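Chains here go by letter, A, B, C and D, matching the order in which they are written, and residues are numbered from 1 within each.
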Amino acid sequence: MEYVTPEGLRIDGRRPKELRRLDCSLDVLQSADGSAVFQMGNTKVLAAVFGPHEVEVRNQMKEDKAIIKCEYAMAAFSTGERRKRGKSDRRSQELSLVIKAALEQTVMVELLPRTQIDVYVQVLQADGGTRVAAINAAVLALASAGVPLRDLAAGCAAGYLEGHSLLDLNFQEDSAGGPDCSIALHPNSDRLVLLQMDSRLPMDTFEAVLNLAQDGCRAVASFMRQRLLEHTRKLAMARGAVRA
Amino acid sequence: MQREADTFITNNEKAFIIKALQEECRLDGRRPFDFRKPKFQFSLDDSSATLTLGTTRVMTVISAVLEAPFPDRPNEGSIRFNAEFSPMASPAFEAGRPSVDAVELARLIERGLRGSGAVDTEALCVLAGRMVWALRCDMHVLDHGGNLVDACMLCALAACLAFRRPEVVVGGGPTGTDIVVQPKELREPIPLTIHHHPVSTTFALYEDGSTIAVDPSLREQAAQAGSATVMVNTNKEVCAVHKAEGIGLNSTQFMRLVRIASAKADDLVAILKASLQAHESGVPASQPSQPAAEKDATLQKLEQDLDMSLEDSSEDESSSGDSEEDEEDAPNDGQPAASAKDPANDGPGPAGTQRAEAMETDKQPSKVAVALMKLTVPLPKSWLFLSEG
Amino acid sequence: MSHSSAEIDFCTQSCQHGIRLDGRACEDFRPLELELGLIAQASGSARLHLGSTDVIVGVKAEVGAPLREHPDCGRLQATVEMSSCASPEYEGRGGELWGLQLAQALEASLVPEHPEKGGGGLDLRSLSIIPGKAVWLLYVDALVLNDGGGVLCVCVCVALAALSNTRVCVCVFTMGGGAGEGDAAEPEIELEDDEEGEGGRPLQGVAEVPLIVSLGQVDNAVVVDPTCLEEQCAASVMHIAANARGEVCGVQQSGRQGVDPAALVALMERGAAAGSEVLASLHAYFKQAPQQGT
Amino acid sequence: MANVEKKVCLPGDLVQKLPEEGVLRLGPGLETREQHVAAVKSGVAHQNKSGSLLWLEGRQKRYIPAEGDVVVGTIVDRYGETFTVDINGPLLALLPQLAFEGATRRNRPNLKSGDLVYARVAAASRDLEPQLSCVDNLGRATVMGPLKDGILVQVTSSQARALLASPPAPVLQALGASLQYEVAVGQNGRVWVCSASPRTTVLVANAISASEFLSPLQIQTLVGRLVAQIQ
């Protein structure tokens, strides 16, 4: 199968270093303290934030910081082939942990000691890159919940197929078996808070893919920033705090 | 309320570990970029390997069964990794279902060994679409002395390299597709096809990520601000990376970790290969020393604690000449300590010439004292390298 | 979500006076907001907001083997997942039991009890491809994103919407593809890709599916489509399945008190009337809604 | 009276007969069984000169609090006027915030979770959390109080006793001959070591933890070699 045509186009018509169409909306759920839907192409992820609230299990309480709980779940209809997977299969468990770790660096947990923040991530459509889309959705949901954040972390994936570094792999490209490097970045401090890669890649190529993914993150971050700004301004205008 | 030994550390120790690392020294005498010396033990039936890395101890058992393949991969066998954190290894581990940490660890090893194509799953196919070998690799953590990821990864790789499956003959029967497993006595069992050797190196990150330690011990892990794991093979290919917990890194810092990991991978694979060779040739792999029974029990314990033995130190001195050459070759990115140390030494060596001097001076002390040491006291090798040139 | 006793008292009293907290009359439904075809990977999908209750349903059609009891009928399998996004109490396996109960009710409402006889729900007979060998298997997966009361009613509504939006491919099959294999020639099924047009044929019998209407009995007042708070105030809640013709297809009662048999008929009539009204507006909407919308 | 000095006992062993008259006080690890004193742990039986005290010196990693012991504890949390302190025992110990030298309601030590204190067990009983204090009966700290910097070495109860003995233990003497360092030995098996340079601290810590079974001569040689390297 050819993933990049001689003209330099990918299966879905993108250039190798092009992101898919991004979209997001904030405050989409009623009962959550903050929620957001983030969409990268056909990947669509919903995140809900509850908290900060009292710690449920007493002995998990931390005297000096908030604890974050994260649950990643895939809707049965989200994948190409229907698959009813529980929330506790190995992949979901691992992803929950990874997302949680990235968020722990992003949320200023030290400002909220002895509390708990729940972050629930629900994949509505899966088409590659769900873990980074989940982080993006979760960060937006945290922002809309008013949880103090160190930086607007943004996630993006990049891979390497047929001699090309490809940004933001879709499911078809992802399942081609090539390396897939998922990262999340704090754009202001330029720090990687998540970095995961599978498969095999020579060291210098790895560096190139890593840099491409970072560029992707910056683009995603500026998109998220823009949308969050619009949203915040819209709400502020609606209550008369800011003039148009 | 009992504190989990893994995550709780006094502020004093935390500050000390960082301060000491900045002066390139560690609690167990290593330098920041040194691995503890791995020791391998293989079972005689080729099904398991045990790794001791400092006080961390992991046992990996591989079992194989014949099964129908997954419908979407009809001509591939399968290998599944499973981590078991035994409660005897640490009070932080609970019995029962595997914890999320155990799952994460198993997934990481799976990505490193299967995802990178190190273990050839197509070679596990017996009859396409009908029958394949399904392997199961169980990693049991027996003692948690820090850095479980590297220990499990190295142990799993060792077990995969040592593993032999029975030969299978396809043919005969009415359809010509009968599958007959050959007994061990009849046909030599077959090793797995391993294309390359990915080795994991875990870094403990301190402060803003500029202070790092390779192969952190339990206390160093409790004090860390973050961690990163890089899996590299001896061809300098990155096989998997995992950086999630704790502080972020910028990409320059990260690439530095990748280069250090690559140097470490060469060392570790060399040790592993030597142990395997010894195992296969039938010579007891590690320390062909006097029978254990002759040793005083407490002395043995001491040796274990200090991760060295008498024989080690003598061998160490004799081999130190060779090791220097290795160090010259190792990539050095401006960090003197980043240079690879001699894989045969668990002791952290000041790089290059400093180390040689240390060795020279070692031989000088009064003969009486040295003789005494050799007889009774296993002198921790690691201590020999405390001196700064 | 639990409410304070003061809230419950207040709500109970206002219901007595025919006033509901969201301004509805007793027989009104909450405003219904429907989105069709939002999940690209599903054969049919819909999302419905009923007040603050929010449910997404994705329908997937796959070819599978029929059940032995009904060899020439297609199959439908419903699941309801309470998403943790709705409330932390559904974390882990928290929502599992309720999800199972809802799924059972949903399945019972979508599919007739005896599919081989047809009527009273989706026509599963039309989903047979090769009798006894291959049928369409419909997976109806509901995901509850917010629970503001009346989840069961919403699940049925949105499943109905998703099913109305579902298209299954036209199948062409050839017998005995593998020559010389001997006895039972395996039929080969080809799914016709028809990109233009409607993307397949719609399901039959969607119009027959009854809707479940909940009626809360708050003291002597009866409220249609109760919210969470009203459900807590109600001494009993009747779930009445009613079809488009205003016939009652099923009744279930829950709550802490029984129902006076004398009032039962009146209740059912009200439920059936409300149900057929909503169904009529839904079906009218499905007709004019852009098919396979984006 | 039978001489029980340095007799190795196992659980259930009868150490000696109860005296016909007079008072015999039993220390940890011993109990009376009919007319005898029996051991309940393995260890070495000891007796004071007058024979009125009898105790068993065991070797264990866990600490069972006893009144009067000095311990190195880790602050776990603060509740009201009290710190809870982990002293490696079965229960967390309580340390009143006013039990420091010169502490008043206005001026009391600001210790955080994870800080170290050197304290005395003021009260210990089977049914209560042990009470700690950082002052003696006269309200003076002497050596007790918060510990700054340094690291911890975990040793066994028997070694902790050896390190606390006077004259000082050979290892401490040998190290002290050429290095400057501070130690605080807790009878709970925690030894705090501190010095100006991390290298010295690591050396002292390792020397202490390795010295349990070495003879004084061996220790001297060992320390001598180590010190030679560091200088």
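In the analysis below, a contact is a pair of C-beta atoms (placed from the backbone, for glycine too) under 8 Å apart; a residue touches a chain by one contact, two chains touch by 3 or more.
The shown structure was predicted, so the numbers you read here are calculated from the model rather than taken from an experiment.
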Legend entry - Minimal step count in the chain contact network, chain B to chain C: 2
Inset, instruction - Report which interface contains more C-beta contacts, comparing B-D against A-D. - result: B-D
Legend entry - Chain located farthest away, centre of chain A as origin (C-alpha): D
Inset, instruction - Please work out the Cα centroid separation of chain B and chain D, and write it as a whole number of Å. - result: 37
Inset, instruction - Mind checking the centre-to-centre distance between chain A and chain D? Centres are C-alpha means, answer in whole Å. - result: 52
Inset, instruction - Take the average of all CA coordinates in chain C, do the same for chain D, and state the distance between these two points in whole angstrom. - result: 71
Inset, instruction - Please report how many Å separate the Cα centroid of chain A from that of chain B, as a whole number. - result: 33
Inset, instruction - Could you check chain A for residues that touch two or more other chains and list them? - result: none
Legend entry - Multi-partner residues of chain B (at least 2 other chains): 1
Legend entry - chain D: positions in contact with at least two other chains: none
Legend entry - Overall pattern in which the protein chains touch one another (line/ring/star/complete/other): other
Legend entry - Which pairs of chains touch, using the document's own definition: A-B, A-C, A-D, B-D
Legend entry - List of chain A residues in touch with chain C within their complex: 29-32, 35, 42, 46-48, 50, 69, 71, 73, 75-82, 84, 87-88, 118, 120, 122, 124-127
Legend entry - Parts of chain A lying in touch with chain D, wherever the complex brings them together: 63-64
Inset, instruction - State the interface residues of chain B toward chain A in the complex, per the touch definition above. - result: 1, 100-101, 103-104, 106-107, 111, 115-117, 196, 209, 226, 228, 232-233, 235-251, 254-255, 258-259, 262
Legend entry - chain C to chain A touching residues, read off their complex: 1, 39-42, 45, 52, 54, 56, 58-60, 62, 79, 81, 83-88, 91-93, 139, 141, 143, 145-148
Inset, instruction - Name, in rising order, each residue of chain A that touches chain B in their complex. - result: 59, 90-91, 93-94, 96-98, 101-102, 104-105, 181, 185-186, 189-203, 206-207, 210-211, 214
